[in-house]
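Labels for the chains are A, B, C and D, by order of writing; each one numbers its residues from 1.
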Amino acid sequence: MISILLFAQLQEEAGCSEVEIEADAVSIADIKTLLQTKYGIGSLLESCFVAVNEEYVEDTVVVKNGDTVAFLPPVSGG
Amino acid sequence: MISILLFAQLQEEAGCSEVEIEADAVSIADIKTLLQTKYGIGSLLESCFVAVNEEYVEDTVVVKNGDTVAFLPPVSGG
Amino acid sequence: MNPFAITTLPLNVEALISYVSSPQAGAINTFIGTVRELTGEKKTIYLKYEAYVPMAEKQLKKIGTEVQEKWPGTRIAIHHRIGSLAISDIAVVIAVSTPHRAASFEACRYAIERIKEIVPIWKKEHWEDGTFWVGNQQETISYEKGEPK
Amino acid sequence: MNPFAITTLPLNVEALISYVSSPQAGAINTFIGTVRELTGEKKTIYLKYEAYVPMAEKQLKKIGTEVQEKWPGTRIAIHHRIGSLAISDIAVVIAVSTPHRAASFEACRYAIERIKEIVPIWKKEHWEDGTFWVGNQQETISYEKGEPK
């Protein structure tokens, strides 16, 4: 199982904060496609950073069973 | 009367914090000479700033009866 | 005290100052980010901050490590509040102590800039005339892909 | 609260922060100068600060005016303590609020540099092996004559 976390506007667009998928060795691109087609997330996804297990990763990483993938809109803390 | 205020090391050198002189229209140079000859203040006086009535002044100012003249060693607050 | 924390509670500036204070310090710089009422002509009613809490705390700690590498002898603490904040409420406090003053300013400034780059916290403005997630609709800003530097 | 004060009492950082806080402020920077134990190899036991109090308060106020001219929309308060201070005691607190963060750092840094130039306060170090009036025996520093700029 892979947990997908959504924050801020992404969460509002999807209408949920967490999505779980049964999968292993999935690309970030595949997850993005899922979020866009099934959860109606729009172009904001293209400007998001991605973190796997609480660490920023490149878009090219492959996600494994047990990982937590977070999609992070441009941050605005401080 | 002119009040002369001494601070920090100047005060320690002179052994007093305030000197009063009966005078009018005295130059800073004259007051310095007095401090050096009568109160034993040394070369530190040359690196002091001078304030008259709580405002910095140039060394060339003439001090009048009623004024308060302060000799201020290089400051070290903060 | 946890020096790098995300919390829903009001922030305590004195606690952070005490934490960084030390006999080796001659200077403490603190930066406090507060909720401003006006941004341009927009009037804020309140703000809401949201965070990816465990990752945000890790990132704050990472900023602390960066600061201590760049300015040896520094002590630093950073707390960020999340949830609803009213005008003048404190959103973030950074306290930095250093032996000499120049480094305290530089290190504190560095820390707030890094917070705005790499810590997963989001601000939602609640204005008189609507709401707005800050940072994701400003098309003048281009976000490069990959890990934020 | 008097925003520009010289006092023998312990300084209250929170009071200065409250004073400068405002709905227009998005950033508050504070600088706190503390008594450091070691300067090079010299070990400080305590410090004594002395001031020409009425003139020093006027000069602090002047620095406040300069800051508000250079960074419009700023609120600022500065308190300096005098008398005997122990290690880690707070000697000076500057609090500056501004609409945006960059100015808060710049204005606060400006204020501490000006304090060190124009405010008649003197520090006497009491070391393990003697005393020393800081600022008047350092022959590497040349003091130009006339009014400090």
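Everything below uses one rule, namely that a residue touches a chain if its C-beta (ideal position, glycine included) is under 8 Å from a C-beta of that chain, and two chains touch if they have at least 3 such contacts.
Nothing here was measured: the structure is a model prediction, and the numbers come from that model.
**Q** Which chains are in contact with both subunit B and subunit D?
**A** Looking at subunit D and subunit B together, no chain touches each of them.
**Q** How far is the middle of subunit C from the middle of subunit D, if each middle is the mean of its Cα atoms, in Å?
**A** Going by mean C-alpha positions, subunit C sits 25 Å from subunit D.
**Q** Between subunit B and subunit C, tell me the centre distance in angstrom, where each centre is the average of that chain's C-alpha atoms.
**A** Centre separation, subunit B to subunit C: 49 Å.
**Q** Based only on mean CA positions, could you tell me how far subunit A sits from subunit B in angstrom?
**A** Roughly 73 Å separates the two chain centres.
**Q** Of all the residues in subunit C, which ones touch at least 2 other chains?
**A** In subunit C, 33, 101, 112 touch at least two other chains.
**Q** Can you pull out the residues of subunit A that are in contact with at least two other chains?
**A** 78
**Q** Output every touching chain pair, sorted by label.
**A** Pairs flagged as touching, ordered by label: A-C, B-D, C-D.
**Q** List the residues on subunit C that touch subunit D in their complex, please.
**A** 13-14, 17, 21-38, 87-88, 97, 99, 101, 104-105, 108-109, 112
**Q** List the residues on subunit A that touch subunit C in their complex, please.
**A** Residues in contact with subunit C: 5, 7-9, 44, 47, 49, 51, 54-59, 70, 72-78.
**Q** Write out the stretch or stretches of subunit D touching subunit B in their complex.
**A** Interface residues on subunit D, with respect to subunit B: 33, 49-52, 54-56, 58, 80, 91-92, 112, 115-124, 133-136, 141, 143, 145-148.
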